[in-house]
Each structure stands twice: as C-alpha cells, then as structure tokens.
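Think of it as A, B, C, D, E, F, G, H, I and J in the order they're written, each chain with its own count starting at 1.
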C-alpha cells in the first residue's frame, strides 16, 4: 500500500508570503480495480505552503508507490490530497488528475483543500 | 429510445468534498431529425457528485444509445443533462456538446444544473 | 439588401433553462464600402434563447446575403446583432466578428445584447 | 451491406493531366465485429482520375453506409479501396484510415492501388 | 467570366536562376455549380519564372473574378493553372487548392505544369 | 516626429452600444533610443468608441510614422495611447505592445484609459 | 518475463496488397535496470503483413507484460521487434520507441526488419 | 553571490498610469543545492512601476549572476522578487518561475508583492 | 544602398566537413518600390561554408541596411544571395524569404547557389 | 576544458541491426567567446551504434562540462561530434544544435559523420 510516511518536507523559505508552488507529474500509473489493467494519468499539485514544503524526490517516490494498486480515479485523487495535506499541513492545496482515454472517454478529477480566498487571483 | 436506466452509479468515495469530475466523450453520433443524415459530436460532462458517482462504462453505453435517434443539437444536450441528473442526483452538473461543421457553421451547446456557487472557482 | 425575414426559428425545447447556444460561421464575405474589394470574416454568435431558437440553415442563408453588400466591419456586426435579436427575441445575445489582415492589421468586433448577469459564468 | 453502386462519378475535366484529388472524411463510424461496439475513424482518399471523378455527395453516402456494419479496421480500408477503384477506374489511388484509441492504442491503415511513378513527387 | 487578360507580369530580375516563388491566397470564393451556394478555398501557387513574374495585385484581382462563377473544385484549379501558365509562360508551375468542409469532407486538388526535374529538391 | 493629426475618424454607427473594437497591428518597428538599432513589435488596440471610430488606413500610417523614432518600449506604448485617446475620445481604450527577444528577454506593455466597468466582461 | 506466446494473430484479409498497418501505443512502462525506477514510453509499430495480422488486444497485453521488467531502452525496442517478427512473420516491420525526459535528455530508438523497398514510398 | 546592486533603473515615463510591464526571460540557469547539477528555468516578471522602471540589460546581467549559485526553486524565486522590489519599489510585482522536468515532474513557483486591487483586471 | 562590404567572416573551424549552418532572421523590413509603404519579412539562410563562415553581428547589420530601400520581394532575395555568396564563397547556399500578407496573399521566395548534391540529405 | 574521457559506453545489445538511437538534450549552455555572455542551445544526437552505445548519464555530464567554456556555435557542434565519434566509434552519427535568438537571428548547425547510405530512409 502507498505509504504517506515516505513524503519528506523542508522548511518553507518564505512563510510570510502566500505564494503558489506547482508540481506537474506526467508519469503516473496505477491499476484498474475492476479489470486489473494499467491506468495512466498526469497529476498537477498546487499548494500554498505553511511551515514546510514538499521535497520533490520523495513526492516522486510516493506517486510511484501506486504502481501496483487497484484504485478508482476519484478515490486515488482524493487519497493523494489527503496524504499530502497530512504531510505538510499547507494553507491551501489542489490536486488535479488527468487520465488517458478509456472507451472513448477521458476523465479528469479536481479536488481542493483549504480557503480559496488566500490564493493569488488570476491577473 | 435511449434508456436512462442503463446508467449505473457507485458510492462517492469522498462526499465531504465538493470536488469536480469531468468526462470528455469524443465519440458521439446521432441522426439529424430533418434529413436523417448522421451528426457527430463531442460531449463534456462536469459534475460535483453527492451520494453517487457515474460509472464510466455505463455512461459510454448510454451515450451510444443515441446512435440511431433523430434529435436536434439543443434537444439532445438538454436530454442528456436531464437523464444524468436523474441518475445520480449531483450537487451540480454541466453538459457541453460540440458538433462538427454543417453548411460552414459549427455549433456548441452549454447547459447547467444546480447552484454555481458551490463549484471551485478558477484559480 | 440582406433580408432578416429569411431567418427562421423553431420552438426552444427547454425554455426553463438559461443555456447557451453557440454558432461559429467561418465562411463570411462582404465588400469594402470604399474600394469595393472583398472582405472575409468569421462570425461567432452566442445566445440564450427565450421562446425560439434560430434555425441553422436559414442562418447560413442570411449570412450569405451580405456577399455583395458594401459595409464597414463595425456596421455589419451591429446590423447582424440587431437582425438576429429581432428574429428570435433572445434573453441574451453576443456577436463577434473576426476579419482577415488588411494593411498588416487584423480587426475584431464584439457586440452584446441583454443582461450579462443571466449568462452562466466561466467555471 | 454497403452498396458500391451508389457511388456516382462525373467526367474528369482535365484527363490530360495527372493531377491529385484528395478527400478527407472526418466523420466515419462502423461497428467492431467482435464486441458490436462503435468504432470511429477518419478516412483520407487521394487519387489521380482517369476518365471520371468521384462525386462528393455520393462518396459521403457510401461512407455512411458502413454505420451499422461489423468489420475490422484492415478489412474496411481494403474494402473501400476496392469499391472506389471499381467505381471510377483511377490511374492511381490511396486510402488511409485513422482510428480512435482502443486500449491505449491508435491504429492507422494505408493501402494503395496503381503505379506510384505517375504521382507528382513531393517538391 | 474570369478574364485571364487582367493578369499582369513584370520582368524576372534573375532569369539565370531556377528559383521558386510561392503565393498563398487565403481568401478565395466561388459558387457551387449545382446548388449555387458559396464555396470557400485557399490557393497556393508555386512557380519558377522564365522571362516574367506575376504581378501580385493583378493576381489578387484575377482570383476575385471567380466570386460569382459556378464551377467545380477540380475544374477551377485546372482553369487557374491554364490561365497563369498562359500569362507568364513559367518553366514550372504548381497550383494547390484547399476547400472548406462540405458534408463532413474536406477536398484538396494539386495540379502541376512543366518538368519537375528543374525544381530545387527538398533539402 | 509621429504626428497624431494624421489619425482620421468616422462616425460611430452604433453609439448606443458599448461594443469593443480590436485592431491587431503585427508590423511595427521603431529604433532603440540607446543603440539606434531597430526594434520590432506587435500592437493590440482595443476600445469602446464614443462618437467616432478610428479609420483603419490612417491608423496604419500613424503606426508607421514611428519607423525612424528612437523611443523606449514603455514610452512608445504610453505615447500611442495618449495620441489615440486624443484623436477619438473613446469611452475606454487599451493598448498592448509585444516586443521581440532582446538578450534572451521578451517584453510586453499593457496600458489602459477610462473606466473598466463599462467593458463587456469575459463570459 | 514477457511471454511472446501471448501475441495472437488473425488472417490477413488482403495478402495480395503490400499495405501498411500502424499501431501507436501511448501507454508503456518498464523499469530502469540500473535504478529500478519506472520508465515511461510510447511505441509506434508499423508493418506489412504477410499471412497474418497482429490482434490488437493481445498486443496490448504483450506490451503491458514489460511493466515490471528492468531493461534498457535500446534492448526493449529490439526485443519487441524480435518477438513481433516471430509472432506474425511480416514482410516488413518497424518499431519506434519514444521515452520521457531523464536528466534533461529525451531518447528515441528506431529499428527495422525486412526489405525497405516493398514499403509504399512517401507521396 | 548575486548582487542586486547591479540592477539599474530609469525614470517611469508615465507614473500617472497603473500600467503593467512584463519581462519574460527564457534563459535562466542555476545549480541544484543538493547535487550541484544545473537547473534550467524560465522567469516571467510583471510589475506596475512607481517612480522607476527596471533597465533591461541590467536585469539580464542580474539573472545571469545566479549561474553558479546552488539554490532551491522556491528560494530563488522569492529571492529575485525581494531584490527587484528593493531595486525599484514597484506599486505591484509578480514573479513566476517555470523549471524543466526532474524525475518526471515539472515545477512552477508564483510569488507576488503589493496590492492586487490596483492591477488592471482581465477583460 | 546596402553595402555588402560590411559583411564580415571568420575562419571555418571544420573545413573538412560539409556541414550546414542555418541563420533565421525574423526581423527584416524594407519598402515597397511602388507605394513606398513598409514590407516585413523573415529570412532563412542555409549554407555549407568553404574557407570562411559569416559573422553573425555583421549579418544582422547587413540585413538592417535594407530598411529604407524600395525593392521587390524577388529582387531583394536574389540580391542578398548574390552578396552573401560574394562575401564568403560558400560551397552551397540557400536563401528563403517569407513575407507578411498583402491583399490577402502571402509570398515566399526560395533561391539556391551551388551543387545540391553535396548537401546532407534528409534522413 | 570538456574532457571526452568522461563519456562512458555499454555493449550494443543488437549489433546485427543498423538501428538509430536519438538523444535530444534540451538543456545546454556555454559562453560566447567574444562577450563572455551565456549562450543557450538544444542538441540532437542521432547515431547507429557499432560495438558500443553511449551511456546516458555520462552524456549528460559531458554536455554540462561546456557550461563555462567560451566557444562559437560552429566550433562546439563540430567538437562534440568529434568527441562522441571517438568515444563509441559509431557506424554513423549526426549532431544538430539549435540556439536561442541573438540580435533577432536564430542559428542551427548540422554535422554528420559516416556513410549516409546505411541510415534507414524516411518511410
């Protein structure tokens, strides 16, 4: 099972600013819980750090730990948000997953945590 | 006639979050009710699930059931929204259809159900 | 002269919803009123129907009726909005025209009718 | 069954030139012969006419006649080449089909008829 | 009827080189000879001049003179090649026409005049 | 020096609507005031006309009059806004300039005049 | 270990033509033999069938069987060519693999089997 | 160490307008503080000048001074914002950095200074 | 008049190889010899050096020297080839010019010097 | 100075095939030998291995060793070809370098080693 304890953090170098960090992981694969066949997706993680930031290499290893898990699109996206929120207690966080075509249909899931009002607006 | 009862659902794994699920079906065809000639379109479905989520394979079969129906662009888009709302009682739902060129004109239709204020804003 | 009476309509299948219909006509030509040379443009029409919707084939014929008219970009865009509003009394309507390069300059015109607040916002 | 006799032709206006006509049909659908589920493809037809050219509207109707046929990608592409060659006896002809994703794999098929040496080379 | 005598030429400034001149005319319209409805196309003209080059403004006027002609795609492409060859006697010339979608099908026509072997090869 | 008096105007055909006119001029060049070397840019002008609209050919000539002027990016963008506001007294106007790479850095400048609240919002 | 015996074939419907079948598999993953970390790639398979064609679903399963194999880019591409040639004895076959960025470098491998002269040339 | 004192400024030509200047620097490199290997990024700087504007050549030299610094993505983005704010005391400023792929993950950082409400909104 | 003597060269570092150097100059402007209005183009220069290579900064200054010259597209492209061949006596050289739209028509010119057979072929 | 001895190789897994390996390195920087300012480029390396293949990580380190070298575009491209040929004695090799804009001009260099006739042709 994916183990959130492998996610490492480092001290936020500028905790006095609500700035946005984005990580786009284009190499994600898990298994379909029904058929056991591989699923392939892309994850975009955006967050406003509080005391700590997510360490990039440990994030990669955490995402790879889903490689042999059977799990639905909706569940894995929520699960990753829950784990990452627990690991670094961000002020705000968003996870988007984008999945390849199955049966002529592409699927995306968008989940957020925290107060949208602290996020720098589109300008 | 398309039968909405073939749409299956499964339990929403995270009902405590207003998160957005998007399904983009690029392979849709129906018939023009006037000429009987084939129409071809793409459908984008976005929703915030309440108690249940739409099962992907049954969604595919439901969309394919329009294959031999004669129906206008505006009517089929509204009809699919009505059926999907009935099937899973979402907190919010949007259907967009995008149709191929006819007589030098492309057509799109956008329909929504529910309260826009619960949708995560663009950030 | 273009004759707005050729625009036909059909009954709105879902008048209880404020949904948006978009028609993109990529094949428009009129004449420059100064030089008599051809102008070429693309029109995008978006509207929220009230009791009636615009019939697609008659829209095509109406747009083609400008083929031998000498008329400025700003005037033809406003004229088409006025005619289409008269033909179907929409709750809201927008016309955008996009013109090819003349003297190294591209021109676009955007005109609206009705209350923007009923339009589904970008989400 | 698709009936090649519905393909109509007209007299080649310039039989003294080996010129190339290309028709790209983006709206093709047939059925998978194994599962019965719909397949969606795009066809590109290129040919050098001899005495007759293919009439466009009849080509459209002929392609639509595969809508309810169960047939493999490789077979339908070869079948269409055979039928079109029979209908207009071209000096040279090529059919390419491009199919949507199935199981994470896209498929294309390329078939030719006649002597490549009469085709205008890429310049 | 289009009048090829309006095409003007000027002296080739470098007749000792077999160099290639390309003109891409994105604003072409004629009429369908069957329905009378407008057709819209793009023309690409490439040639190696001999004694004279084609004057650009007269080329534009010549192409516009098809605006109210009913003529098939294959015929108009061949006709323009014949007229332009007559006007400037090039060492080599190619006309490509690209037409907008009709009935879900795009059409292109490619016609050449002269000896391909003098054309600078792709490098 | 660029002379704003060459900008001509014509009567706004629909002063009762706050509609938006956009002109995109892709062929602009001036000189660097420090090195005297050429600068190349693209200008996008958007405005809501009051009593008069800007005439397109005179706009082209006005923009070309900067060809031999030495002037900074920030200054020329503001200067053009000031001149065009003076020429047609628009209800609202925006100028954007986009410059080619210098030293690995691209520069853009965005300047506005008038009350943003009358501009049709993005929908 | 990947087992080539799972690749199934079906009878070539047109063995009298040298036509080209292309399968593009965008969802491939194996392991780096040095670090054990996942690699992600895209495979393009093109071939001219002789007596049999490759069955699509078994191709998918065969490619997925590399999921937990540690193997270099060059080796896996050659290995797949060898296996597929053995499975269907094609007249000609080509495998291209395209891999995601590692250390700022993307890698592709192109391998062929058989006589290039029977392949339809680019026209 | 990067020396912010090399950033030069010049007088804002239009301090009475809140206009936006954007500089996009596509050629940035620093070192990873952990491995010492090169990092490559793109920086986008947007600001509303108060009394002074940033001189372009000195901005280039300042950005190049990070070439041999070992520094994290989050830290360098904040550091550059702090230095540029100090150099020209803008009314508002935003820095975005976009980094190349490491371990299958792209990273971006967005930092702002000043009051968002004075920035011209998207229209 | 443009002065080819300002073109500087430096010693070819590898005269034993027939390698190809490409310079793409996106910022070129001259004047229309008929109307006096500005023309804007892009030049692509490719060559195989013999004893000397073209120095980049002097190439830029040479191209800028056409800024106030009235000259036709065909003439300026041939003139630049002649001057550059004279300046560095290359084994092979090609000039392509690409011009912005005039009257709805884009123009390109391709001129070559030397023996095509020494150029590395497309592989 | 860059030290070619750091390039490592491994045994070619299929020396009986003339297959093509491509490495695209998007993160290259060196210094301008005249001004000392940074240059940024992309390198594409294609080769047919003989007994050995180039190890990817050592290739990355070798390319990074130019970071503080002052060297011309033409010279560095030839130098890298010479070093890589020496390191693995390929049957055929090609280096392409693509450089960012300087003074409005982009530069590319293409160098080859070995006999083009063994390279798989474009099909």
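Following the convention adopted for this analysis, a residue touches a chain if its C-beta (ideal position, glycine included) is under 8 Å from a C-beta of that chain, and two chains touch if they have at least 3 such contacts.
In this text the structure is predicted, and so the values were computed from the model without any measurement.
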Quiz item: Which neighbours does chain A have in common with chain D?
Solution: B, G
Quiz item: Tell me which of A-D, A-H or F-J has the interface of C-F again, with more than half the contact pairs shared?
Solution: A-H
Quiz item: Among the chains, which is located farthest from chain B on the basis of C-alpha centroids?
Solution: I
Practice problem: Compare the CA centroid of chain C with every other chain's and tell me the farthest one. | Solution: J
Quiz prompt | CA centroid of chain D to CA centroid of chain E, Å | solution = 27
Exercise. Mind checking the centre-to-centre distance between chain E and chain J? Centres are C-alpha means, answer in whole Å.
Key: 44
Quiz item: How many angstrom between the C-alpha centroids of chain D and chain B?
Solution: 32
Quiz item: Residues of chain F that touch two or more other chains: which are they?
Solution: 26-27, 40, 100-101, 104, 121-122
Quiz item: Pairs of chains that touch, anyone?
Solution: A-B, A-D, A-G, A-H, B-C, B-D, B-E, C-E, C-F, C-I, D-E, D-G, E-I, F-H, F-I, F-J, G-H, G-J, H-J, I-J
Self-check item: chain E residues touching chain B - in the complex, by the definition given at the top
Solution: 40, 100-101, 104
Self-check item: Touching residues (chain side chain F, partner chain I) in the complex
Solution: 26-27, 29, 37-38, 40, 64, 67, 100
Quiz prompt | chain E residues touching chain I - in the complex, by the definition given at the top | solution = 10, 12-14, 17, 19-27, 49, 53, 56-57, 59-60, 120-123
Quiz item: Any idea which chain A residues touch chain B in the complex?
Solution: 72, 74-75, 77-78, 94, 101-112, 116, 119, 121-122
